[in-house]
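Look at the two complexes coming up: chain A is in both, with chain B in one and chain C in the other.
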Partner chain A sequence: MAVSLTIIGKENSPLYIWMDEGRDSLQLQYLAHTGLDVIQEKISVGQKLPGDSRELYLGLLYASEEYKIYGYTTNSKIKFIVITDVTNAALRDNEIRMMFRHLHSIYSTVVCNPFYVPGEKISSQ
Partner chain B sequence: MLSTLKAKFMNLLVLYFGCLEYKRMEKTQEKFDRPQLLCAPFERKDLIGIDLDSRTNRKKCTGRLKKHLADLSLQVGLPTDALAQYSQAVDILRGCNDWLWLAACYEGLCSTSVMLLYPHLFRNNVLQRYSSLGVGGSDSCPGTKINPNKVRNNPSSNSNSLPVGLDPSLPKQTSKFCLSPDDIVEKYKEAIVHYSKYRNAGVIETEASIKAVHVLIEQKRYLLAAEFLSNVVFINLQLSDEEKIIRFNALSDMYNQIGFHRKAAFFRRVAAMRCVAPQNQDPDWCQCYKLLLLTLDGYRLSLDPALFLKEGRPGWPALQIQILQELVGTSRRMGEHGLCTRHQAFLLSAMLPYFTLQEKHDNFKMLESVSSKCGSGPSPLVVADSSFIIPPVNFPNIPLCRYVRVMPPSKERQVELRDKLLVEDPGPFIFSPFQSIITTSKVAGKIDCEWVEGDICEVTFAFVNPMYIQLKLNNMMLITEGVEFEAWTSTVVIEASPEAQMVILRGRPQEPGELRILGYSFSLLGVASNCKFKSMSHLKVPFYSLNVVPALPCVQIFCDSSSSETGLVSDGALEGESKVCVTLNAGETHECNIVIHNVSSQSVECVEVALESQNEVEGPDKVFQYSLENLRAQLPIAPGGRASLTLYIYAASEFLLPGYSIEDDGMFSLMSGSEPPSLISAAPSSLHSRQSTIMSSLRGRKANRAHSSASNASSKSGSSVRSGSSVSALAMSSINASTPMPTTGLCNRTLEGLIKLSYTGGRGMENKYWRMADIGISVEVAPSLLVTRWDALPAERPNQCYIVLDLLNSASNEMDLQYTTNKHILMQGGESCRVPVPVDRCPLAKINERVRNIRKNISKRNADGEVSESEILGDHVASLVELRWTLGPFDTPGRASLKSLTFPPQTHHLITMAPVHWDVSLNGQRVENGSENVGKIGEAQRLVIGVSNSSGDALPPLTIVLTAFQDHQNGTQNYRLEAKMASTGATKFGVPKLAPEESYSHDCGLIFFTTGIYKIEVSGSPSSSSSTPYGNFQCSSVCVPGDHHSKTNQHYHAWKLAPPIEISIVD
Partner chain C sequence: MSAAEDVLFELLHMEIVKTFTDSKDKDDAASKLEYIGFTTGYRFVERATRETNRFKDELDIMKYICKVFWVSVFKKEIDNLRTNHQGVYVLNDNNFRFLTRISSGKQYLQYAPRFVTFTCGLIRGSLANLGINCVVTAEVSHLPACKFQVQVQRG
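For the complex of A and B:
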């Protein structure tokens, strides 16, 4: 189970933040926020190869002593960041990848909502 | 001084170099068979109990010696030698598991390779004197602090600056030991792994990592660099608090260099927090504050609220709020209350959208408490001992301005430019496709209204309170630019309600010109806030600009109520536009006094008055009359002075209501009585006797009419109205049929008039600016007198006729009607009566003249000739008949004219003067109307018949016949007088063609044989030889088209002397 999940918009502002209850929300946000640095770097590397369909899953961005930070970016530069416990061995790379795919499809449905203006905050029910 | 220092320094370096060179030479020649074991300080205690003479140990010694030699070679500038020696050392040390020194060798190998591969690396930073903030006190790695603006893509321009003077490409070819760029990273990695095996090697490990990062930055492999850096974080070092802060700062710098600004900000913040950590004995709030300020960029936070809000700078609100709260807290601990207030204000303003209601309240309370110590002015604050400038904070969103309305002056204060020269030139094109572009490119925010210098002007704002707390805005005023403007401050309270609340800010322009309204300022909780429109993107306008015109006078216009006694209401105080309401009876005249009060400080020097009326057919000047000259004579109106304008209001109304009782049978008899061919004995007495029957029939029908007005209309159209009058009557009836209540004259109607006073004075007059003042006048007209029908009857006197009017008093009060100069009649309310008005007949000359005029204008439309004829007659009658009355309990006077009266053609001859004028005398005595002539039997009565042409045209030849008859006074008339009378001279004679004003006289004698009363009719008709019927004045004109006569042809016209000559024959 992931600890935190964040959807970040094109302009690097969070659109949606979910935190596991009982965690230090601010610390996790700091982690996700700094993870953006890595994502940005990875995207900018990817941009050097135009026409090359990039892998959307960016893999492990970095790891702290307690958490692992995984990143994923859509072609429209919407970023997903998932934070897991370092000790969580159940989540392999493949599971994380599936999680992101699922997240991406959920995000697509959100965007398909005609009442949703892209860039607005997303709220979960 | 500097030169000697330099020389001494050079000397020192030379000595130092000599020393090293000597050491190197010594080591090179040293025997390798019994080398001394070199070891790091912390290794010494590990040496205890180790066999120093073992083969491994000997190898270790050799390897370490080799490494030392390599170091020396490198230091004296022999990198190729050093490379070879390092490689040898690596080979030796790898065999004996001496990880620490192996790592050191790798590091040396890497360093040397880097020197050769990237000779320019750090060159430009080496000479920086302050640059030695090395991590962990490592002095061997200068330049860890790199100027942030040279972060990425460090310009690699200065190549070939290796001090040893080596060609960089040379070692690559010569030394096979030189590492490739990828290998360097690999070796560094290996070295770091080996270092990490030693607890005491933390500092060296950190150093190696940082070197590796620098190499990676040079190679632009930032992700890998980030990995190395994150590894540095995990290295556990025993450091003092200060050193830790330096370490985190350095880390932050490194992250900045690889472009990881967020990470850099994170570590900067960690460093800041370290400064004031609870376990820190000596917290340094000031340094913490400065470090926190440095982190702002990483969180995409700008303290300039305008910039921050305008760009909608993206960021991570939760983190931004955190950092701002830390700034507030830190500055408060520093005792900088001004900064504290400013940060708290910024926090509230910038982060408002992300706050929950509770957080809003908390932050508001917080601001309240911090600002109580020190407010925040409108000027930027400089942080002590640094270059940080904290810009002022505004509250453009607390309260949020929804919209701005620049109010034009109130209606009576609006100005108008009257300068024909300034009319815009639309260009030579009727239509240009560029017009729309030109109009849309109009300056945004240009307000199309004018303020007047010295007048109080207003701007309305709609504010929304986002706080749900009552906001008290002190010293709220407009911010303007351009001409001088006296902005008035006001204290505004924005209630804690979600609805928009209107706030009006006022001021007074002091000089003419262009005024720009840039925004508004206020102070909330001691925080001065200047809110400019340009920083409010939702307003879409950077500023509002408008024109201020020179000072103009201003007047109040109202109706002097003292002059009015009947229902005159002036309610100008409420609406700004004054209005006067009067209720008058139709035909009544009212006089009212309009007062012009100059309430400004300028005098009124020029006045114009215009009258406007919306619903008038009659035209306003018939209803309203005033004297402009009288008003002009009162100019100029000094400030505070008054002038008055007298207005005469006449309650104009349509008094004629034709067809109102068209089916009146009595009227038919009346009309048939006026049928031309028969001889009419004009007897007023008989008319009066008839009138009573008509009155009764009128009254009776009034009841019928109440039943249905529709039947009224149908019976009208079906009734056999005479063709002449049916023109107007039918038209009227058709109107009646379409409108169920044809009571234009019966119900109240309202006449609306607007008196527009435009005036100017003072400096505004020079610039052709005018002001307007309106006073509306509403006259409610109550019905009074109505003329329901009319007809013409012959009068006793030949030059007069009777206009018989059916009058209806439709008012409820009693009316005393005066219809001629000396006759009046009393009419009850709702009563109708018939009055004869004697009217002078219309001379033919007048008609002909008018007709000619009309003919000239409308030459082809023949049908109009007759209509215009009846109009002319109507005008003639209207000019002579004026009905005056007094009405009601106050004896209100009224008058009505019978304008637009028309007469059917059959009655025209009654109204027009006959073209033939009779001049009859008997026995030398003129026969007047009603004069008694007495004659004796057997005596000849000498009768002279004079005929004169009183028309404007020549008369054709006439045949005049004298017919005598005996009137038995009992209704029978005996025309057979052969035995009773004889005549001398012709009783039938011709008159030659008579020119205007010409006359002809005929002489004859009559002898009566018996007594009695005889009468002699004199009638003349055009001679049978003349084919032209001469019944009408049109006949006299030669050029009349033929069909015009067809109507009149049907009538046989004759002129008769009325009344007949009466002769009483006595014995």
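For the complex of A and C:
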């Protein structure tokens, strides 16, 4: 299970932040920021690199001693960041990819919800 | 999509156009129709590009609109895409879906613009969500062909 999930909007404003209870939320937010920087780098450099797959899934962005940060970006410049425990061996690359795809389909249903104004914070009760 | 859904979309569009053009404040009709198109396009493209790879550049996005997007909405590709490589794109559709039901000839030509306003908004909304701010205008010179002009706003 992931430790933290962040959805970031077009202009890098946070749309949704979820964190596992009992974690150091400040540290996780720092890590999410780190991830966001790497994503921005990947997106801009990716335009110049030949042979870049231009897949929506960006793979592992950064690994600290405790956590791993994975990133995903949609064509509409929405970024998803998932943080997992380094020790969690059950989550392989493929599982993370599936998680992001699922997340993306959930996000697109949120956007299609007539009560949701695009660009606003996502709230769920 | 089945045949019933196909025609349903066309009929719904006709009724939306009718509702707004018959309403009291006719001046607002065009901007309201365009706005409906904008929000529809904005939300729709989020779903439509789910399986698409990241776009390389602006032209890549326009090609997507002409091919994949147009097929999913209008069941055909854009017949001709032209650009001056400075932010102006002209999309030609020789048999535009919302105009095919109108009898060709001069009789209804003056009413044609109201049937393309929604689509202008649709294109603008889709491009806005994909990161391109633009102005979209349409021109109908003879039915059922339609020419959309996309002017990208930079800066």
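Everything that follows uses one rule, which is that the second predicted complex is superposed on the first by the 118 of 125 C-alpha atoms of A that agree within 3 Å, B and C clash if a C-alpha of one lies under 4 Å from a C-alpha of the other, contacts with A are read in each partner's own complex, and residues count from 1 in each chain.
One rule holds for everything that comes next: contacts are C-beta pairs under 8 Å (C-beta built on N, C-alpha and C of every residue); 3 or more make two chains touch, one makes a residue touch a chain.
None of these values were measured; they are calculated from a predicted model.
Peer 1: A:37 contacts which: chain B (first), chain C (second), both, neither?
Peer 2: first
Peer 1: With both complexes overlaid on chain A, does A:55 touch chain B (first), chain C (second), both or neither?
Peer 2: Touch partner of A:55: chain C, not chain B.
Peer 1: Output check: A:111 vs chain B and chain C. Expected answer is one of first, second, both, neither. What do you get?
Peer 2: second
Peer 1: With the two structures laid over each other on chain A, which partner does A:73 touch: chain B (first), chain C (second), both, or neither?
Peer 2: second
Peer 1: For A:18, select first, second, both or neither according to whether it touches chain B, chain C, the two together, or no partner.
Peer 2: A:18: touches no partner chain.
Peer 1: Report, in rising order, the residues of chain A that make contact with chain B in one complex and with chain C in the other.
Peer 2: none
Peer 1: Sort out for me which residues of chain C touch chain A in the complex.
Peer 2: Those residues of chain C that touch chain A are 42-47, 49-50, 52-57, 129-131.
Peer 1: Give every residue of chain A touching chain B within the complex, in rising order.
Peer 2: 9, 11-14, 17, 25-26, 29-30, 33-34, 36-38, 40-42, 45, 62-63, 65
Peer 1: Using the touch definition up top, name the residues of chain B that touch chain A in the complex.
Peer 2: Per the stated touch rule, the residues are 222-223, 226-227, 230, 234, 255, 258-263, 266, 299-300, 314-319, 322.
Peer 1: Which residues of chain A touch chain C in their complex?
Peer 2: 10, 43, 46-47, 53-56, 73-77, 104-105, 107-109, 111-112, 118
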